[in-house]
Every structure is written in C-alpha cells, then in structure tokens.
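Chain naming follows the written order as A, B, C and D, and within any one chain the residues start at number 1.
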C-alpha cells in the first residue's frame, strides 16, 4: 500500500496533535516536520518519531516526497505558508484562522480553486460524532425550524493577569482574540449543525485584564498554567478576554454566543443549545459523547455516541462502539480521514464533507463583522 | 399565640402556592381569599380549606381582620389592588411585576414608604438556599470582582402556536412578555447575587409565533399543556417569545441573558453562570440544591444545600438537612418567613432582607429600558 | 369546612416535618403536639404555632378532639404508642420502623384490622412523584420483567467517630441501624416500584467505628454536624455503619443494596437502578425530579416530573408544573393527602394507595431476615 | 530513530484498537498482523495500512523482525500464543484474560520471569487519567482508610436473546462470562486504586436468558447490534448475564460489585464509588474526565482531567490539557507508552507501572474464586 506523505509545520500545541491524529489514519505517512529551525525541528521530530527534520518552510515545500502540508504555526504565518504550499502543488490542511484578513483568505480560496488541490481548515469540533449526528438529524427535520441558538465557549487558561501567550499579541494572532480563536469554532459549528447562516451581528467585547505580565521566555498554548512565574514585564492588552455577540439568522430567528478566556474552572468548554420547532438539542464538549434532546410532549432524550443508534449518514465518524468514549484527539483523526479520502482521489471535491478554505474565509468574514460591530456598537450585516 | 391574618387575592396558578407556603409559616393564618367573584371564591376556598370567601377586592380590604393582602391577580390589576390595600392599611405582598408602568410602581413605592407598611414582591428565586449562599459568598469575597454573567430562563409552555394564556395579551400582561415574566426574575436575582447593577442594556426580541390560536375557554398558567385543543381563533401576537439582552454592569464588565418560552424540553429552567476574579458560580434551577464553584488552580467545587456547609448568614433560609432536597414551593415559604418577621415587628425595615416594592420598581425600570432598546436597536442606559 | 384534627407526638427532626406537611393538606388541622413533657411541648408548640401542648402521651390519646395521632418518637416507643392510640380509637400515622420486633408489628397490624382505623407508615420515598410514575410505568409494562436492581442509600452524618445520636443505641433504635433506618426505605420502595417480592437475602454488615464518642448532651438527628465537640465518653458500637445485601426476587432474578452512614459527601442519597426486559429506570434522590430511562435500541429518555408528561394515574401526587422542583418536604404532603382521604372516608380501604401497617410489618420481616443472614453468613429466606 | 517492531495477532474488535494506539506511540512500528489466515490477514492489513500479512501464528513468532507480539485473539488461545511468543523470545502484550485457567496463567508468569521478557496484560481501564490520579491521591492519604467500594460495570450488547457472540460459548471464552470479561476490569482497577486486596468473595450469578438464538454467520464483539437477525438456532446458555459479588478487603472492610450485560441503555458503563476515612471518590467511565470527591465538612470536589491540576506522579498519562477530553482509545496509548518504555530498556522492570502477567494471574484467581463461591453459595477466600 502506497501511503500519502504528509509534513507538519509548527510543533507547538496543535502540531503534535496533527501528527498523532494522522498516524491513526491508515493511508497516511507523516514523513517530516518543521518547528522553528533545524535544531528545534530535530529535537521535536526525535521526540515524535518523525523521520525528517526540516530547516525551513522552503525546504518543506521543496521536498518532492511531501504531498500534503499541515500548517500549525501562529496565525500570522498561515496565509504565506498556505499560499506557498499551494503554489508548490501541495495539498494543504491549515489551522484556523485561515488568514488574518479577508483579502488574504479570499486569495487562498481562489488559488486553491485554481489549483484544484485539496484544502481544509482544522475546524475539528465538527468531528465530534454527536455534532455530525446533530447535523444529520437537522437535515432529516428532527430539529425543525431553528428558533434560537445559545452558545458559550469558556476557558480559564488566560484567567490571571500573569497568564501569557503569543495569542495575546495582535501582530501574531490578529485583531480579535477570544472571538477569532474560540468564537470562530462555535460559529462554524453552529452554521454547520443548523444550516442557517448568520446574517447580522451585534457584539460587545471586554478586556478584563487591561495589562498583563509578559514572561521573558516562550510559553506554549495551554502550558502557561504549568510554569512558575518569574520575570515579567507589564504589557497593555488590546484584544478581548470576553465577548457576547447577538446573532440574526437567515431564517429570521436569533442567537447569542459568549466566549471567555477568563472563566475560572471552565478549562475548554463549548456548550450549545439549539432550539427548533420540533425539538431542542443540547451538547457540551465536557460530555462530548452525549446529546440531550428536548421535547415538549414526552420524555426528553439522551442519545449516546453509539454507531448502532446513529443515523447511517453519521456513522462514518464514529470509530468505537457506544460507551467507549471518544474525545478531542479523535476529532482530528476523523477530519483527516475525510480529507485524505479526497487527497487519495486527487482533488478537492465539489462539496467536501470537511471544512474547506471557503469555510475558513467564512469565519474570517463573520469575525471581522463582529469586530466592526463592537467598534460601532451597532448591528452589522455579515 | 396570636397569628398574623392574611388574605390571598387571585387563585389561579400562583395564588394557591401562596396559600400553601403561608401555612408552612407558623405565625401566619390565611383567613380568607378571593378569586374572581363570590361563586368562584367559594369553590376555590372550599378546595383550599380557607374559611372566608370574598365577593370582591373591596370586601377583602374592608375586612378588619385582614392584616396582609397577597396580590396574585393578572399583572394589569396589581397596581390598583396594591394601592388600595396600602390605603386600607394592609401590608402587601405583591406578585411580580409590581405594576405595568414605572410611574405606577413609583407611586406604590412612595405610598408604601409614607404608610410604613410592609411591602414585598414575590421574587421567590432569591429564596433558593443556594442563591442566598451565593450572595453571602460573594459578600465575603469568594467570587471576586464580577467578570461575566450568562443567564438563561427557558420554558416550553408556549412552544406551540396552540398554546394560549392571558399572559399573551398585552392589555392583561403588559407590553413585554418573556422579559417581564421570567427575565425580571433572572435580572433580580443576578443583581441580588452579584451586587453589581445593570447600567445599560441592548436587546433583541423575537416573536416566533406571529399568530397563535386562542381557545374559546379560559386556561390557567402552565395548565394549557393538559388541554385537548378544540375551538380556537387566530390572534396576532405582539409580545416576545424569545429575547437576548446584552448587559453592562456598574463595575464595567458585561453579561447577557436569554429568555424563551418556546424552548422544547425546558419546562422552567433558570441557568446562571457568574464568573468573577476569584471563582465562577454555576447554578441551575433544575438541580436547585447544588452550586458548582469553578476554580482555576484546584478541583472545582460542588456545594450542596446543607446548613452545616453553609455560611451562618445563609442558614436561616434552609429548613432541612443536606440531601433532603428543597424546591420551588419552599422558596415562597422562606420569603414569607422573612416578610412576616417584618410584619410581626410592625413595619418595613430600613434594609429588608426580602424583595420590596423598590425592587419591583427596579425590575420595571430595567424591563422598560430593555423594551426601549429593542425598539431602538441600540444600547439604552438604565 | 370541618377539618380533620391531628396531633403530632415527638418533635425532634421528623415531627416538625409532619406538622409542616399536614398544614399543606387543606383538610387537616394540627391541633396539638407532644414533645417529651409539658415544658418541652410548650416550647416546641410555641415555635411551631400549634395551639395545644400536651404533657404526656396519655393526654394526647385522651383528647376527644384528636382524630389522628402521628407518632414521631424514637423507634422503641412506636409499638406502645401506636397500640394505645388505636385502642383509644385514633387513626395512626407512624414513623418507620413500625415496631422493633415482628411480633409487635403483627399485633399492630391485627389490631388495626380489628378496629378498621386508618393506619399508615411514613414511607415517604414512595411519594416522590417520579417513584409513583415508575410504579405506574412498570404496571403498564414499560419496564418489563425485572432483571436486576442495584440500590444504594448513602449518608455521611455518622461519618466521624465523634458523630453521635440516639439511633446508635440498640435499646432505643433496635438491633440494626443502617439497614433498619435507611435500608428499609430502599427495600420498601424497591418492592413498591417493581412489584416483585424479596424472597431471600444474603447480608454483610460492617461497623467501621467500633467505638464512638458519645456527647454528654442530647443531639437531634442530622444536627450533630452543627455542634462543636466538647465532652464525650467512648462507647462501643454494635450496630452496622455499612451493609451490603444480596437479594433474590420472586421472579427468580436478583438485586443488591448498599447502605452506609459513613460515606463522606453523600448527605442523604438514594440511588436506584432497575433493569428490566424492556428498559432500565435510574432515579437518584439528589435529582428527584428526573427519571432516566435506558433503552437498548434508541436514545435513552430523561423524564421530568411534569404532570403533563406523566401517566394519568401518577398525576395526583404532583402539585406543581414541570420545572418547578418538588423535594423532600413535598413527599410527606402527598402521603398525608392520600391518608387523610381515607380518614375522611372513615376507615382503612381494602387496598390503600399509601403504605400501611402491613407494609411496616413487611419491612420488619425483611430487616430481621437480613440481620439473621448477617449472623449466619448465609442466604436466608424471607 | 530505530523504532520497536510489533505484530498484532487477532483483528476483531480490540486488535485494530491496539494497532491504532500503537501508532500513537512515537517509538513503535506495527510491522505486521495476523487475523485468521493469510487471506483474512491480507484483507485486514490492507484496511489498516500494515505492511505484512501473516498466514499463521507460527509465521509471526518466526519473523526475526518482530520484537513484540500483541495477542488479541479469543480467550482460549491466549495461553498457547503467549507461551509460544515468550519461548520465541518476543515481548508479549496479552489481552485479558491472560489464560482460561490459573495453572496456565501461573505457567506464563513463571516463564515470563525466566525469560525476563516484557509482559503486560491490557487492563486499559487503569489508564484513564482520573484512575491514575485516584491511585496517586490514595497513596498520598487523600482517600484515607478504605471503608467501602461499590462498583458496577453494565452493558447492553447482550440484552436480547437474539444477541450472540463467541463470548457466550464457554469453550472459547471460559466458564464465566460477565465476571471474567468485565468484572475482571473492575476488580483490577479497584485493587489498583485502593491498594487493598480482595480477600474473600460471595457471589450470586444469574443467567437471564437461559437460551439464546445463535446466528449462522460470524459476528464481531459489539457489532451484533448492527445486524439484521435472520437465521438462528436456539442454544442453551451456561454463563452469567448478570452477577453481584460481595467483597471483603485486606483491611477488614467491604465492597460489592455488580456486572451485567443485559442492562438496557448502559452501553459500557463502569461506575466506581470508593469511600474512605478522609473522602469519597466517585468516577464513571461515561464521564471519564471527571472525578467527584466527597467531603464531609466542605463542598464536594469535581476534579477535571487536567495535567495542571493533577499530582505530578499522574501527569505522564495525560496528553492533552484540561477540557480537551480523552477517552477509551487514549487509555491503550498510555498503557503502551509505559510498556514500550520497558521494552526500550530491554526487560520487565521489577515493579512495572503497567499491568503485568502477574496481574493477569491475580484476576484469574479472583474470578475462579467467584465462580466457586457462586457454586457453593458461600463465602470463599481468595
């Protein structure tokens, strides 16, 4: 069996998660990786058991063996790397956000279309099996017309003013933080499940910590909590710790989302409540294998992630039988399974089952409108 | 022992709950009640084991035995009845909303102050023991500076367009429905627990069912679901089924609330998440005896309603030991216990522990600003 | 309306709960009460707003006004008081256990039958609305043939060796403690819900604290946790803190129960899982308004206490609509409602809906067989 | 980097789970696999992306490249294959049960000791991060002296009499079914967490379905539910569907476990409640990333799987930060990580951190005593 050869670029928090997930897909071989430079790449590939260590991004895309590039670098690098990889004829799986401006993202979508190469954005939340099942149930009419969505995505890894990370710096991460980082996931999955489009937004941002203490050595995402604070400098913070956004949907009904990175005790919790004219769906990422189904006229339902209980259309993203919990690492595996089926077929399908660059662009547009709404303190059409 | 003599006016859904709760307070005697007219009052008092049946509100306030009047009638009648009762020298416990306009409520607050009579509004949610405990914990600094509040109050008793009730009619219920009926509870309790004030609001209302089918016979609150639909007429609906409201607090931070009466499977669910600089509190009325306490640096906490685990200041509203669940009916009992202590002392205390007419006015003001914000589609200062 | 006149005897922990619950039943008037002696009765009746304070049990049953006697004294007094009350022509509601020996209980059952007087035992757990609903669902075949029951009743009020109470003394409480006090509730409700009979038992008792520190002043049930330990004496403990009991049912299938009074963090938690050939029921007293229904072939169900969702036969024990949680205090109200309907009718019905002295006897028999099994370390037939 | 070369034998339900988990360990290379014969091996290795397909077990152990053999075949084959693999100088990871008799397991333990080869049994439940954390907390005294253990392991994949699988046949699976298959997991993890030993057992087995309908074509574990029943034959069933077992521990205290494979709605649920003299631990595999900690004197705790909140000694089995749920597939990865560290070091360590053949033997002894107790209907010493 000839496996598809992938290289992963950026080995901070999420890059190694890509590597591990890719190895679970029988058709993929992770042949090489790049961290910052040759030395750091050598150290990381040694730890991760990857054969080749690259010294630069140019080396990665110049390697004729590499068929697919996974971009897991800080946000500001996504556009240039994705563009270069496409131009080098590589399929690209990019971390979100796809780019830091709409213009860049539009360029990538156009370029990807031109080349016909497979392009995907790692909106992995779609691949919790219950999320796929909700989408299929909605398509079958089991939710009905969407009345209301209430979504929250809460974290506490930036709870203290001593918590620091590159994501706090607009030049690396972009103008919006909580909305772009985690709000984008929740909006992507919301549109994915419900099938309605967000047509207008009204946002209210808040920066709880106007200043933070920046450490004098580098810290990986999520790992700050494990450090002992030592030497810091005070830096002003311009991006939001917390935001509420009102939403209006294409069907005339409404929603609201809340994101926070300063919510003590909520480590990384997505909570979605979607009410429709037939039933209500409630799902929370802390109990990702369960779907609550609200009914007006009978008992509510509690559907477990179990292929034998799922609609046929949702079974392909489930690997294990009911009661054998799957979690965060499994979402990337399922996403990559679908992406690599397309790669095996040689080109981006017309209607990909996985999130594409077009979806990455969509989230950038929504996020930019949200930022604009917050500035204007008024409703903005998406 | 000389008991304090009370009369209850309005015996639909909540009036009998007042009667039952009052009987649990050792110092109170419910001596009489009024429903619509003498005949309906006779039937209801017979069912409820109450000695006197009144033929009119005038009779109630003319009865020299009556010391306290509980007003449980449709919203539009509250103002006139409360005013008349105060003028007749009776202490008054009024259902929320206190009135249908701010002016009326202000008049009642002023009149009550003049008379010195005890005045209370039945914001019973404050009397879930966990709510009191949250307030006390906040006062002791265990929550810290308030960062964010996310509150939802969801019901499904008006889910279908065949669900009908007087609360759907603005002339009986007021200009706002979901916000006034259930949003007021959540805002009252939010300010009560956190100690911050709502200073500005930005609202988005939605009427999911633009028309409803009105039945041709009367239906009590919450009991519509048990009827077999028969003869209906289509009526246009002008009040909101669903609303999202952004909030700004006196400390500069933010919140959001969602109310819905069309959320299948959510029978009557209040869910509050309050994040502060020290911890996060989460409480849900479906599991009213538990408080979740979010921590950044250690295990989260799960505090049960247990007097031995509560702060001393919160113990008085707990009747039963830990593990002996208390619920909705107990909240009214605890509220009335505190109100009747004031009545026993003869006058409204300077700082009542229970919600007073001033609190009723406060909610009317907030609700009116929310309605205004929805009309203007802009932030409105409270 | 002529109300039925009741007296309550024993005003420790559960007596005042009877008083409060009785007041919620429109047809009942609690006219008097007895604590230990006239002085303590005066103090307690004053607190509870009860008109008459009795000086002795003889006075209670000699009072011609009293129609019903509620016996809430320590276990060892139940038999004599119940017997005397019946002989005096009073209806009797007795706390569990009905007596401390089978012979005594048999005498009471026979005497009650002779007199025709209404007799009830306060197995209040049956009156959680979900419990009634489970019974009705089982009767309708929605559970199927019973395969397995797993029940636990866990408390922590005797967790420490400094926790002390009259229930620790066999001469007041009987030879068994955890099984008799809380195990009896779980076995009663188990047979009630499932309709199968316990036919054999195999028990394993354990006394974790072989010695306890007895305080030198009296302590009411559940209130020990609120005392500051001071003066104690070491006393040996002969009754079980913890027990596991295997059960065999009349249909050939099996169960197991666990009771503990030394389980930290479990304040008063009953947890029942009943598997049948059609579905599984799970109910926990910490979330008493919810029933989990396990299904093999579809989503599991989560039925809320909501009269509109209940079978008609189970609705009478529900007072409030869905989402308005009811709890422990409400169970006694519902039990008394049914008992006082019988009293109003003048005699014990042939098939009472409430737990009768016969049910009290049944629990004594099962408990005695469990004690015997523990001694023999072998299965014993009930 | 030279990777360690592994072969997997048996590719039904659990073999592919080994393959996938092994690939997540950077130091391992799965070079080949065997299913039944060459043809089925070719098909399965093709699906799984494995290079070599073996035609027989002899081929596997004759392959000089293979350093480690994973035995994932039906129970009756474990002994012979493990023995042959050890004799061929291969390290062995065996599925549980290690063998079908104590004598066989003793022979394997002795042989493994002689060879010094690494030997492990796939008791993966130990590798839920919360389980490791509970063990470490117990070692640090945070649980105290063990008072009580209540464990249940419930499934529904054999709920119907039309459910069939090789595990129902004693000649393939052994004399005990539910206890050996799933009870062994719960007893292993119970001793692992608590540090106490099971010293005596008293069992009660039940076969709910005395006859089952055996399909005329092969069915993989857990996948029966997805078949359409067609052609069956009635076969008598001699192994238990359901069992309760009382336990006595080395510290004098007690426990009880329940296992069932006929519990509708419980797909694969382990639930453990361990009470000690300091606190209570509750963990359920359906919510595997949470630990409930019961306290007598303060709020209970809810500890999430989060390396920053764990004891240092428990962090190595956690791959992802708090809130990024890990599940069943991750347990095998963590187990294999520790096993392959030993393999990299060249021999079985004196005190392996992973479950060894000695642990496999231990479970066989306990299970055999349980079977004996059930036959004798009496307590049996382990």
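Going forward, a contact is a pair of C-beta atoms (placed from the backbone, for glycine too) under 8 Å apart; a residue touches a chain by one contact, two chains touch by 3 or more.
On a predicted model such as this, the values are computed, not experimentally measured, just so you know.
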Chain pair with more C-beta contacts, A-D versus B-D: A-D
Centroid-based (C-alpha) most distant chain relative to chain D: B
Centroid distance [mean C-alpha coordinates] between chain D and chain A, Å: 34
Separation of chain B from chain D, taking each centre as the mean of its C-alpha atoms, in whole Å: 53
Set of chain D residues in contact with two or more other chains: 225, 266, 292-293, 300, 304, 308
Interfacial residue positions of chain A with respect to chain D in the complex: 1, 3, 13, 17, 20, 23-24, 26-27, 46-51, 155, 157, 222-223, 225-226, 266-269, 285-290, 304, 306-308, 319-330
Chain B residues within the chain A interface of the complex: 147-148, 150, 152, 154, 156, 159-160, 202, 204, 206, 208, 225, 241-242, 244, 246, 248, 252-256, 258, 260, 262-266, 273, 275-280, 292-296, 300, 377-379
Residues of chain D that touch chain B when the two form their complex: 291-293, 297-304, 308-309
